[in-house]
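The following block contains the structure, expressed as structure tokens.
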Amino acid sequence: MLRNLCAFAGWKAIRLVLLLAAVSVISFMLIEWSPIDPVQAYIGADMLRVGPEQREAIAAYWGLDRPPAERFFKWAAALLQGDMGTSMIYRQPVSQVIAERFAASALLMAAAWLLSGLVGFAAGVIAAARRGRLIDRAVQWICYTLASTPPFWLGLLLLMTFAVWLGWFPVGLSVPAGVLADQVTLADRIRHMALPALTLSVAGIAPVALHTRQKLIDVLSSDYVLFAKARGEKGAGLLLRHGLRNIAIPAVTLQFASFSELFGGAVLAEQVFSYPGLGQATVEAGLRGDVPLLLGLVLCSAVFVFAGNTMADLIGRMIDPRIREGKVL
Amino acid sequence: MERHYRLTRRFMPGNRMNRRQRSAVTAVLIAVLLAAVSIGAALLGQGGLNTHLDMRNLPPSAMHPFGTDWLGRDMFTRTVKGLALSVRVGLAAACFSAAIAAAVGLASAALGKTADRLLSWLIDLFLSVPHLVSLILIAFVCGGGMKGVIAGVALTHWPSLARIIRAEALQLRAADYAHVSRRLGKSRWWVATRHFMPHIAPQLLVGLLMLFPHAILHEAAISFIGLGLSPHEPSIGIILSEAMRYLSAGLWWLAVFPGLALLVVVRSFDRLGEHVRCLTDPRHARE
Amino acid sequence: MPLLEVNNLSVAFARYAGGFQRRMEQAIVGLDLSVEAGEIVAVIGSSGSGKSLLAHAVLGILPGHAQVTGTIQYDGEPLNERRIAALRGNEIVLVPQSVSFLDPLQRVGAQVRTTARGTDPTATVRSVFKRLRLAEAVGRLFPFQLSGGMARRVLVSTAAVSAARLIVADEPTPGMQAEDVNETLSMLREMADKGSGVLLITHDIEAALRVADKVAVFYAGTTVELAKAADFAGDGSNLRHPYSRALWQALPRNGFKPLPGTQPSQDELPSGCLFAPRCPFATEACSAERPAIREVRGGWTRCFHAS
């Protein structure tokens, strides 16, 4: 068991290193091809007031005058020591920007992840248990509609209804404006996080619900549920003993494997609500050509997705007796 | 009573159709609706897009069913034209994406073990970064604009379809006739195009249809963020990001109707794909 | 009064045959059968003759889209949906066909215990396991950890621990070693001798004849003959239907004579006698009309020519 786990961890570590190396090389190459001049992007509107000497000085300051390969290896070597460079727009080390914003985003994503997982799972179970009835059709209709809804539009609707019209929630940001950091209360944070988190979780319900519904329908028409019925089991007991047990693993796995969509949703939700998290930083970095930050965020998001997939694998391994007791790696 | 019954039977053919026929009819109806949006956009003309400063910020009315914006432009005209643009960009991106998926999937199955490993790893690699992040990266690299959006959406959406096609093609490769062809001295490419392609075509069509809604949604998202189409090409994403600035002024119609229209179109594409999938899937033969 | 009586049972499924055509697939056609308390009725026939569906129909666990006609009576009263729901697991139990009928995520001991009755279910399970030569530790295993033969014995044990009056055993013996087959069959015999009725569905004719009192021969979803087990003897001349004789003569010890042709497909059943296309004695009358079941020499058969 322990040996299995070590082998698993080792294998995953190798994969992660390979993955990050490949993602760095590809991203760096892509950015090299970009027609955007980073110096110009950095200076922005002040372009006319900046002379050629100043431009060169700025380029030299950021190391932009060196050949691409040299810059890549310099960047990669620094990266290996934990130095991801300096963000042009925030004028802070990229690692610091990411760390600060990750804290804000993690809270948002965790809340949305839990909420969408629980609601989606429950909706899927109810739909499957009442297959073909009105409630099943309603759940399916809502899920297909949600899956086709642009998440940022959903955010706009919520913003309009609850923040602008009803005034229950603030319009944006993670903390009240003009309040010192140490005076921000937990209630403030929750009030600011509620709408983005709601947007993000509503956007995440459909896949879990539809997947759970299908899995439970498959399980309920399986031979072993047939035999459980033949043994006199029925109703909620049957659903609990054989249904939920068999769909829990795929549902949890799916939810962990959905980190990629979660991150993408967070980008949009944070953009709508000006919530200062990783997603908003990604948009800013893209819009204003902050290459070091963009590269750092690409790598960070890859690690995030990888972590989700690894958790999905690991949890499958720990819960599923077929893997746990079967000694299959 | 009897007569009423017969009338409903005659005029509501749905009662007599079986599930497959209903599916086919629905698919055709949806296709007609989507075609109507594109044609309608061309027929509407430019009149509604002119600035009318005396008709600014009007809420929905009989004359302007979706209201007017801060320049007095008719939101209905803007929405329909924006939709048509979104659909066009989405279609182009989805087609490119499906082409990449078909090429990678077929190459994976046809070119042997090493190529398969390499391409499978490539597929995993593209799935390892969130779609929207790679989309932002690619759009940034292309410097935004239509080209960037199409390239970005096309390059981020192929992996899952490529996986399906690869699995299908690998199954076909195991079939006897593929072996016989190889023995008879046919090239790998010959086997891939002559034997695999016809079997994969329906899968590819369904895959392409299923890509449309995602492609359209992602086009809208990237344009909304500001890295996609420029404000001179007002797709729904652009319209919504402009609308965001007027939200606190209470101009709710600027955001509600264009978004709703996009939702309806995306959902229609989704249903269309689903119906076609059911019709082509032999596993759906049983009730 | 028979414990179980099946009259004119038909089961059909709708399916799409390419394009938009919807067809009905007849899986069971006008099936008749009865089981008395204290006897074993073996149901024999090749695969695809609707044997498993018969078992599922009796237990009321056919898939929802199956269209069922005819009657099933238990203890003299119709076995409707409500009644079977109350009886299954108590008075009527199923021995299913394969290990896929066990929940993959539940330990097998817990699954066997659900049918165990009496004051001490755990003790009952223990003694049945012992008889079937299953170690006590087997109860703590998951289904995927069982070998094929072990899984079969676990499935049989679900019936053996019960106090059921009707046991429906669907192919309980294939894949078992000879001694396990014997143990399983004698267990079923024992339950019958204690007064239960046993419906033993199998394609292993020789094994079935060793314990059965009566034999029902299935062909293309219907019973072509109901005979006493003793009728299967010698050259088979005591049998009433040409298909039963053909099955009997196809056994290795009776000359291994195969019957040419195949069973008709379920959506293209002949309009007359289902066996007519393969029958060496078929006449025009056979393909014109489907023969009704009738009593011949103390058994029942569906053949115009039996006498």
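Going by the order they are written in, the chains are A, B and C; count residues from 1 in each one.
Throughout what follows, a residue touches a chain if its C-beta (ideal position, glycine included) is under 8 Å from a C-beta of that chain, and two chains touch if they have at least 3 such contacts.
Every value quoted in this text rests on a predicted model; they were computed, and no experiment measured them.
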{"item": "Farthest chain (mean CA position) relative to subunit A", "value": "C"}
{"item": "Which of A-B and A-C has more C-beta contact pairs", "value": "A-B"}
{"item": "Distance between the centres, which are taken as Cα means, of subunit C and subunit B, whole angstrom", "value": "52"}
{"item": "Separation of mean Cα positions, subunit C and subunit A [Å, integer]", "value": "54"}
{"item": "Computed distance of Cα centres, subunit B from subunit A, in Å", "value": "23"}
{"item": "Residues of subunit A touching subunit C in the complex", "value": "221-234, 241-242, 245-246, 320-322, 325-326"}
{"item": "Subunit C - residues contacting subunit A, complex", "value": "56, 59, 61, 63, 85, 88-90, 93-94, 96, 98, 100-106, 111, 114-115, 142, 144-145, 158"}
{"item": "Residue ranges of subunit B touching subunit A (in the complex, touch as defined)", "value": "124-125, 127-134, 136-143, 213, 217, 220-221, 224-227, 236, 240, 243-244, 247-248, 250, 252, 255-256, 259, 262-263, 266-267, 270-271"}
{"item": "Sites on subunit A touched by subunit B in the complex", "value": "19, 22-23, 26-27, 30-31, 33-36, 144-145, 147-153, 156-157, 159-160, 164-165, 171, 259-261, 263-264, 267-268, 271-272, 282-283, 286-287, 289, 294, 297-298, 301-302, 304-306"}
